[in-house]
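Once you scroll down, you'll see the structures, which are given as structure tokens.
What follows is a pair of complexes built around subunit A, which joins subunit B in one and subunit C in the other.
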Partner chain A sequence: MQRRRQLLRHLRRHPLDSALSLAIVLLLAWALWATGQWVVEVADWRVVSANLPLYVSGAYPADQRWRPLVWLGLILTLTLVTLLWPRPRSGQRPGPMRVALPWLWLLMLPLGLAVLAGGAGTGLTAVSSRAWGGLVLTLLLTGASGLLALPLGVILALGRTSDLPVLRHGSRLYIDLMRAVPLIAVLFFGQLLVPLFLPVELEINRVVRAVVAFALFASAYVAEDVRGGLQSIPPTQREAAAALGLNAWQSLQLVVLPQALQIAIPALTNQAIGLLQNTSLMALLGLVELLGISRSLLANPAFIGRHLEVYVWLAALYWLLCTAMALLARRLERSVQPIPRAPGR
Partner chain B sequence: MLKRRPLAVLLGLALLSGCATLGEGGASRLDLIRQRRSLRCGVSGKIPGFSYLQTDGSYSGLDVDLCKAFAAAFVPETGAVDYRPLTAPERFTALRTGEIDLLSRNTTMNLSRDAAGGNGLSFAPVVFHDGQGLMVTTDSGINRLEDLQGQSICVGSGTTTEQNLNDAFEARGIAYTPIKYQDLNQVVAGYLQGRCQAMTSDRSQLAAARSGFADPRRHRILEEVLSKEPLAPASVGGDQRLADAMRWVVYALITAEELGITQATVQRRYNEAKRRPELTRLRRFFGIDAGLGEKLGLNDDFVVKVIRATGHYGEIYNRNLGPQSQVPIPRGLNRLGRDGGVMVAPPFQ
Partner chain C sequence: MTTALPSPMQPAIQASAICKRYDQGPAALDQVSLEVRLGEVLVVMGPSGSGKSTLIRTFNGLEAIDAGALNVLGIHLDADHDERQIRRIRRRVGMVFQQFNLFPHLSILDNITLAPIRVQKRSRQEAESQARQLLEQMGIAEHIHKRPGQLSGGQQQRVAIARALALKPEVMLFDEPTSALDPERVKEVLDAMRALASQGMTMVVVTHELGFAREVADRVLFMDAGRVVELNDARSFFHHAEEERSRRFLNQMQH
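Up next, the complex of A and B:
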């Protein structure tokens, strides 16, 4: 009641105000109506519905499609469990599920690689990475390069804040160099030039090349985010650790890094989401990830001219992925032990 | 400065290793393909009628059918093809580095791509003569270039397309009004809105654009071709055995059409030739006599395998670009020599 009165008062403050509000509401309503009408009546969604398996796993052999599906199912389950599992009350020890979750997440990547590639040791038919595509490839690219970039970035950040001049300058040079080059240039270098430098017999898989290029690029940004975290830890923390008799490695591992990384989580989430969206650049270099597979499908004479439907669908899909990642990150942020604030003096 | 020097060293190394690999003689990619039992074929994957992804996840199109024909000849046991979607900038790198065995990705053959001083490729015979064309509505009554006298034509500005249009009309003394747009999508939109009587672009692109129209049957592509865009499969230069084998696979497709040997009849014709020794020409073509396939490093009956896999050139064309297909392009120059086109094959002797 109170709020409604407040709202009405705002609207009636001035005739121009009211007119503007009305115009904006009408405009919004019209936009919503037009979009809704397009989605329901005009758009021909067969281009999406008929090609769902391709969006999921690209040109993966049809009789093996259950493998990427199982993997995606596991990820979805894990996401839901992570988001919905009750958080331990403050002061309580986390249950076994909470302890297991991070390890399960880490396990997803090697599991995905094994399930998709198959071959010796897994009892599954081997499927070359040429046949990987769609959502599965997008997730693999993001996951693998993120997992490589994080430790690399932490090492670079530690190097940059180190007292040893060689380490410090080396890390700084690398970070500055990588940040001065556009991502697309790094990717082109990895896809087009690296194979030229290597002897003909040595062929590095191009998915691997893409992952390494993404990881090398992202690590420079991760390093700066982590450095921000490191520098926000007051020097008294190290001094206190030293006073307790911890050596340099112990103090880093037990005192400094856990706090620094926690502070860096929001910035790192940014990087992870950016990384997911950047994988779409690989469509320019012939990988059939989500965007690439869409462009191939649009060339199918049966679906020519359905650009709008495909891109709207892609936007929705990317939105869903990024939102899920953001929610997971928020969950992570809340679940790590809060830093005990120094008692105010 | 610091950035440049390592790059220069790397480039130097790359050149050296490039020379080293080019210098090796004797071994052919063909042996590697047979050993691997599958052909790695570079395609575009994004061109309607030439190569695109079907709903079941398999590739289809004219370029794709050629991959299948090559695979049937090179790997007769399986005919397996590994498709590798490539974008325009990476296609030659992929060839040079051996990531793919051959390129079947509507690549225009020209001197600088063929020459050792340029891209250093070897081109197989042209499999599709593309060229700039004009599209009009069927009820406009326009049948030839001359009918466009005084009419307006939608064209992309600042392109060779615009230049070619001007050259062709100038040479014939036909006056016209060009209506210029930034890119092909806008040209299409302008044409559909009726702002011009005709639109111009490469014929394959016109056909692709048309198949997305609400009523494709109301639009026609004129027979006249304003420029040359001969599209041909390519392999790395300096591998003569592979280049020869590719060349004669394409010639086999054309010869089969000349002889009227189709996918459906090839087995019957083969059996017939086997029975009757007087059919010398057919026996040579099918590899029953003379051992022509062996000279190329293929099986003697490679022609039979190829036709069985894809049919002859005309069948491939009609399947992907014929009047009944979803992307119809008038055959024009791509007809056989005897029908007024330029598709001819040297004798199998």
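Up next, the complex of A and C:
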């Protein structure tokens, strides 16, 4: 009531204001109407509905498609459990589920790789990574390169803040270099040049090369975020750790890094979301992740001219994924930092 | 809490002509020599910038000395700043800071058990039961699973004392433990320190609390401009200080 009155008063204050507001509202309404009409009446969604399995797992063999589906189902379940499981009240120890969740998340990547690849030891038919694609590949690329980039970034950040000049300058050089080169160049470098340096017998998988190049790139950005966290830890924390007899490594591992990473979480979330979206660049390298599979579908004569449908659908999918990631990150932020950090003086 | 040393006559801490200078500044410590006896409470006083904090921070190697030598519980330390010697000292000397310096990401319990488990390799179970006991003594047992940020300053400082005591130290260093506290919170921390002193703990306390010093100190060290002005028996220091500079300081403190 209060707010509505405020709004009305605001609108009446000036005729130009009112006219402008009205115009904006009309414009929005028209845009919504037009979009809605297009979505419902004009658009031909067969390009999406007929190809759902391709969007999910690309060219994965049809009789084995249950494997990527099971993995996606597990991730979805884990996401829901993470978001909906009650948080421990302050002053209480976290329950066993809270303790297990991070490990379950970590387990998802090797599990996904094993389930998709199959072969010896798993009792599943082996499926070459050439056949992987779609949403599953997007998630794997994001997860694997993120998981590689994080430790690498932490090491770089520590090097960057080290007392040893060689380490400090080396890390800085690497970070500056990586940040000065566009991602696509790094990716092409990984695909085309790296194999030239390696012995012929050692043929590294295309996906692995992409992941490594991607992680090398992302680690430079992660390093700067972690460095920000490291620098915001007061030196008195190290002093307190030292006075308790902890050695430099213990002080870093138990006192400084946990706090620095905690502070860096919002920035790292940004990186993770950027990472997910940037995996679409791998379509240019011929990987058929979400964007790649869409491009190959558009090349199919049956679906010619359906660009708009495909890209609207892709946008919705990416939006969904990024939103889920943002929600998970917010959850993480809250669960590790349930209280303000201000020293209670 | 004090374990017997080989020779009862040996001082807990012995400083011989130690010097310390920060970059280009004036000498923070200028030829300071003193002994801290086992089982005594030595209160260090002096105007700000007189080097009292620097002095006690050299005792556990938080500040490296430029010249002179230290002997802490029989462990030698000099300008070489030998890391291994320093760690041996830190395992036997506890320290409490002005700003508490608790670890904000850990619960109170984990703050206290971190070093016993990681440094002294004691079992988690044993470390936790000792932590509970210490918190009981400090009167804050009910906050055991909270984070430091949820406690008042006085409570945090008592946790910091418990954290230092968990390593079963033979000497405790206090660097202005009540200076960051609200006046009404000072007493609870001083009470904890009084109790510790009455158990015979060797304590070096940098403080401006005259009442505490009068009541608990065995001896008082008065410093100014990085030098020892007077090292005297507490009673003598407060009733008829030898040095004019000490008397002036005491006068100012009382007004």
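One rule holds for everything that comes next: the second predicted complex is superposed on the first by the 334 of 345 C-alpha atoms of A that agree within 3 Å, B and C clash if a C-alpha of one lies under 4 Å from a C-alpha of the other, contacts with A are read in each partner's own complex, and residues count from 1 in each chain.
Assume a residue touches a chain if its C-beta (ideal position, glycine included) is under 8 Å from a C-beta of that chain, and two chains touch if they have at least 3 such contacts.
Source: prediction; values computed, not measured.
*Asks:* Is A:Gly143 contacted by the first partner subunit B, the second partner subunit C, both or neither?
*Replies:* The answer is neither, since A:Gly143 touches no partner chain.
*Asks:* Figure out whether A:Ala240 sits in contact with subunit B (first) or subunit C (second), or with both, or with neither.
*Replies:* In the superposed model, A:Ala240 contacts subunit C only, not subunit B.
*Asks:* Could you tell me if A:Pro53 is touching subunit B, subunit C, both of them or neither one (first, second, both, neither)?
*Replies:* first
*Asks:* Please work out whether A:Gly159 is in contact with subunit B alone, subunit C alone, both, or neither, and reply first, second, both or neither.
*Replies:* Neither partner.
*Asks:* Applying the document's definition of touch, where does A:Gln262 land relative to subunit B and subunit C: first, second, both, or neither?
*Replies:* second
*Asks:* Taking the superposition as given, does A:Leu254 touch the first partner, subunit B, the second, subunit C, both, or neither?
*Replies:* In the superposition, A:Leu254 touches subunit C alone.
*Asks:* Touching A:Gly292, do we find subunit B (first), subunit C (second), both, or neither?
*Replies:* first
*Asks:* By the touch definition at the top of the document, which applies to A:Arg130: first (subunit B), second (subunit C), both, or neither?
*Replies:* first
*Asks:* Looking at the overlay, does A:Phe197 come into contact with subunit B only (first), subunit C only (second), both, or neither?
*Replies:* Once the two structures are laid over each other on A, A:Phe197 reaches subunit B alone.
*Asks:* According to the contact criterion defined above, which of subunit B and subunit C contacts more residues of subunit A?
*Replies:* B
*Asks:* For a test of understanding, state which residues of subunit A touch subunit C in their complex under the given definition.
*Replies:* Answer in residue numbers: 90-93, 236-237, 239-247, 250, 254-255, 258-259, 262, 336-345.
*Asks:* Note which residues of subunit A are touching subunit B in the complex, please.
*Replies:* Checking each residue of subunit A against subunit B gives 50-51, 53-54, 58-62, 128, 130, 173, 177, 188, 191-193, 195-200, 203, 206, 284-286, 288, 292-293, 295-302, 304-305.
*Asks:* Give every residue of subunit C touching subunit A within the complex, in rising order.
*Replies:* 60-62, 87, 90-91, 94-95, 97, 99-105, 107, 114-115, 118-120, 143, 145-153, 156, 163-164, 167, 180-182
*Asks:* Taking the touch rule as given, give the residues of subunit B at its contact with subunit A in the complex, in rising order.
*Replies:* Per the touch definition, subunit B meets subunit A at residues 2-3, 10, 13-14, 17-18, 21, 45-49, 51-59, 82-87, 89-90, 93-94, 96-99, 208-209, 211-213, 325-327.
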